[in-house]
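Letters A, B, C and D mark the chains in the order given here, with residues in each chain numbered from 1 onward.
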Amino acid sequence: MPEYPTALGASTRDTITLLGHDLARDVMGQVGFGELAFWLATQRRPSTGETRVFEAVLAALADHGFTPTAITARLTYLSAPESVQGALAAGLLGGGSRFLGVTEDCGRFLHEQLAGRQLPADDGGWDAIALEVVAAQREAKRFVPGLGHHVHKDGDPRTPRLFEIAREEGLEGPHLRLFAAIGRVHPQVLGKTLPLNGAGVCGAALADLGLPMELLRGFALLARTAGLIGQLAEELRDPVANDIFLSVDFNNVSVPPSPYGGHDG
Amino acid sequence: MPEYPTALGASTRDTITLLGHDLARDVMGQVGFGELAFWLATQRRPSTGETRVFEAVLAALADHGFTPTAITARLTYLSAPESVQGALAAGLLGGGSRFLGVTEDCGRFLHEQLAGRQLPADDGGWDAIALEVVAAQREAKRFVPGLGHHVHKDGDPRTPRLFEIAREEGLEGPHLRLFAAIGRVHPQVLGKTLPLNGAGVCGAALADLGLPMELLRGFALLARTAGLIGQLAEELRDPVANDIFLSVDFNNVSVPPSPYGGHDG
Amino acid sequence: MPEYPTALGASTRDTITLLGHDLARDVMGQVGFGELAFWLATQRRPSTGETRVFEAVLAALADHGFTPTAITARLTYLSAPESVQGALAAGLLGGGSRFLGVTEDCGRFLHEQLAGRQLPADDGGWDAIALEVVAAQREAKRFVPGLGHHVHKDGDPRTPRLFEIAREEGLEGPHLRLFAAIGRVHPQVLGKTLPLNGAGVCGAALADLGLPMELLRGFALLARTAGLIGQLAEELRDPVANDIFLSVDFNNVSVPPSPYGGHDG
Amino acid sequence: MPEYPTALGASTRDTITLLGHDLARDVMGQVGFGELAFWLATQRRPSTGETRVFEAVLAALADHGFTPTAITARLTYLSAPESVQGALAAGLLGGGSRFLGVTEDCGRFLHEQLAGRQLPADDGGWDAIALEVVAAQREAKRFVPGLGHHVHKDGDPRTPRLFEIAREEGLEGPHLRLFAAIGRVHPQVLGKTLPLNGAGVCGAALADLGLPMELLRGFALLARTAGLIGQLAEELRDPVANDIFLSVDFNNVSVPPSPYGGHDG
């Protein structure tokens, strides 16, 4: 018979454990939700400082207003109010490479750039690495993930704040340091000054916290789940989904079919 | 032109606000994730005590081991590792009426029973209401939501703990009181003693916190999102999804089609 | 060891069967897709006439333009183009009780009304049942599912056509007959003439085909999957999702939070 | 005001059109479901032969027994029976890069290999291209998508059948020809004989039909939607999902947490 090992939730007739602890006695009432999410993902209980940085990231990503994820969750709730799980799932499905992706892309990019490098001792050393990194991306005609923002062109207010919180907690690690250096040196290479994206700095911070690289997007999605519940709660009290639907449907224009003759057609 | 009002996330070139506050200055680093989720859902910042009860509920519901939601998330990640959002969404879609539903069902049931009633002054008064409620359900041949547990037959360890935490915080409201009274009196009506379900007491506590009744299931899903990330993280390090798939597929038995002749066939 | 019986797909090193038939030899190239979908759902191969009625229903439900499901699929594809499965899944999640529900609601309603009744011999007999049914709904202050349409107020063009096709194939069964009778008699009871909804008549036809009542919504979703692929293909060639997103986001209006004080607050 | 052009479904008070045709008169009862799905995706009505090849592909991909998608749909239906749309969506979310991906991967791979090439006049010419292609993949230490099958090691029965159907309809285009040539020549390069995968040949056939390359996975998902409805229908009559869940849950083994110390931990 196969066996399925797990360190997560388990129960017997009389006990319930989570991560090897008695759920009722040692977790409930003792462990905050951000702390627990970190613990579940790493099987290691975070320090108070780690929890504060992690929760600051979750706050930064929880809700960005009428994004595709929010619109989608509201429209789905309009269509299928019997299934709150469907509305949340539909919203999360928009958390892919384009809209929530910069957190993951930036964290992974920094991580790859750091692989196998000797970590420098001071800002000058970080600047040298950053110059090399930005120049290589430019050479390859690729963007630097996390550099630039389509709205906050003069600076994303989340960025300096997250650096500050990480510094206060002694958790400014190599990913954040490299990202800061990229912010300092990129104008020399690119000839213009771009802001460090707030969702990008979140990826750097999550990477410095040692969270699994493959799941960085998952933490953005966890934050967004709380935001989507907020969207649905607001939709319940002050509905707009039907107006959104009608504003699209009323402005549809029938055009003749445009036959697709194939791949080069 | 239509307008879409919202009190959630909003941004201009220079500012980002959330719930009317400056996100970077007043929320990041200041507000825990459970607290923020409550705030997003109610547009009211919870007290410390409310946050503690709310986070105790989330801890109680975060992960219950190899549930259908967990198995589904792992199998989906196995099949489509490019889409973490798909694995989480698939897992959440199992958070419906049967597996995560008792939280919502119990909260709603208690809420309906309280509607229009004068709240009693003491336990004796609560017992009288509970007797009436349990007797009416029995009469109608319906179960009392939240009464009974298929594993924890002698008592769910989460239940007394959540009552205790709520009491410590002065937040044992009418839903919890009625649920406790149901626990005391039901043997008189049903002739047997059943445990108060831990997921059920979570519904009572969420209702006492004043969270939107239509979204009670949403909070169970928020908790489970953290649990599912834990499941995927464990799957990455100690994979079992392929074994689960193969154990089902290898034990399939081909049988002849059984024609379905229609509704009474 | 558990065993999992199935009459659906199975394979060995040398063979692949589906529904007890050799897939390559007996199904591929021989069985149309609508026919196969019917066969998979009922484990009974449909007649040519049944297939024609079934495919007419699927055509009637495949695409209704910029519905919430279509908008959602396009927005999700915009956000997460790496996951076509996510865009389709998100679209289908809007296929719930409100937007695709009338097919299921109407089919189930007619089925419940027919339960235990002697089927009449002529239109007069059907009219008598229909009068009883409509009067009972009116008495209970409930709508008759499938009666009325918010756009096609003078008649839904799909309705007479589906009756015609079913009649041509000799497949106008009791559900369609009762629905037709409701169309004839309801003005006597309600004092106004309402159209028979095209999605409703689809439910009646699916019920007459003997498809599983619990899955009627599933056939609407199958039809819609084809429609959503059409939506995504059109989005690829003539994109509108970003315009939809921006038209909502640009018209957002920040309002102060409106604290939700609880259930009666 | 924005405008949203579409050639898909549209309606006025009196008319419903689809792809520029009167839905009731010209589509319902006249157009099969596979034909309609092709038409929706390309805005071009397929020929009878194209429809036959397309439907043969859909048949080949509709159901493969207890795959992760099927298990997931059944488990989700067990947990949330109120949401058929959720069960189907959860199943489709497993249709990603690993389990349904070979159709898309193979079609895209062949398409990329053909880009910019002069098409040869005979099998000898195709063999020369195929040799070059297989050798280049080998050189780059990459697999040839669609070559090999983990079960049908001596040949996938779907492969010769789909070639045959395409040939009968005069629709064996460059993608199928190149794939056939790869089947002939790869032993010379790889030193062993591998079967041409049936899901891979489906990708070649879809590419030859001129369907949009970005949505090849979508057609596998359309086929699978029909299969998943079959799975849910079988689950309703002969349920196994609860046994699957219990067989996993009963064989869980609690292990101590294994702290994840970070990316190199």
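Please note the rule applied: contacts are C-beta pairs under 8 Å (C-beta built on N, C-alpha and C of every residue); 3 or more make two chains touch, one makes a residue touch a chain.
For clarity, every value in this text was computed on a predicted model and none was experimentally measured.
*Asks:* For chain A and chain D, which third chains touch each of them?
*Replies:* The common neighbours are B, C.
*Asks:* Which chain is most remote from chain B in terms of Cα centres?
*Replies:* D
*Asks:* Any idea how many Å lie between the Cα centroids of chain A and chain B?
*Replies:* From the centre of chain A to the centre of chain B is 24 Å.
*Asks:* Could you please state the distance in Å, as a whole number, between where the Cα atoms of chain B are centred and where those of chain D are centred?
*Replies:* Centres of chain B and chain D (C-alpha means) sit 37 Å apart.
*Asks:* When the C-alpha atoms of chain B and chain C are each averaged to a single point, how far apart are the two points in Å?
*Replies:* Roughly 31 Å separates the two chain centres.
*Asks:* Residues of chain B that contact two or more other chains, please.
*Replies:* 1-2, 4-7, 10, 41-43, 65-66, 80-83, 85-86, 89-90, 93-96, 100, 212, 233, 238, 244, 247-248, 252, 258, 260
*Asks:* With chains as vertices and touches as edges, which is it: line, ring, star, complete or other?
*Replies:* Graph shape, chains as nodes and touching pairs as edges: complete.
*Asks:* Can you tell me which positions in chain A touch chain C when the two form their complex?
*Replies:* 1, 65-69, 71-72, 75-76, 78-83, 86-87, 89-90, 93-100, 233, 237-238, 241, 244-245, 247-249, 252, 258, 260
*Asks:* Report the residues of chain B in contact with chain A in the complex, numbered from low to high.
*Replies:* 2, 4-16, 18, 22-25, 27-29, 31-34, 36-37, 40-43, 52, 54-56, 58-60, 62-66, 70, 81, 83-86, 88-90, 92-96, 100, 151-158, 160-162, 164-165, 168, 198, 212, 214-215, 217-219, 221-223, 225-227, 229-234, 236, 238, 240, 243-244, 247
*Asks:* Which residues of chain C touch chain B once you look at their complex with the stated criterion?
*Replies:* So the residues of chain C in touch with chain B come to 1-7, 10, 17, 19-20, 41-44, 80, 82-83, 85-86, 89, 111, 207, 210, 212-213, 248, 251-263, 265.
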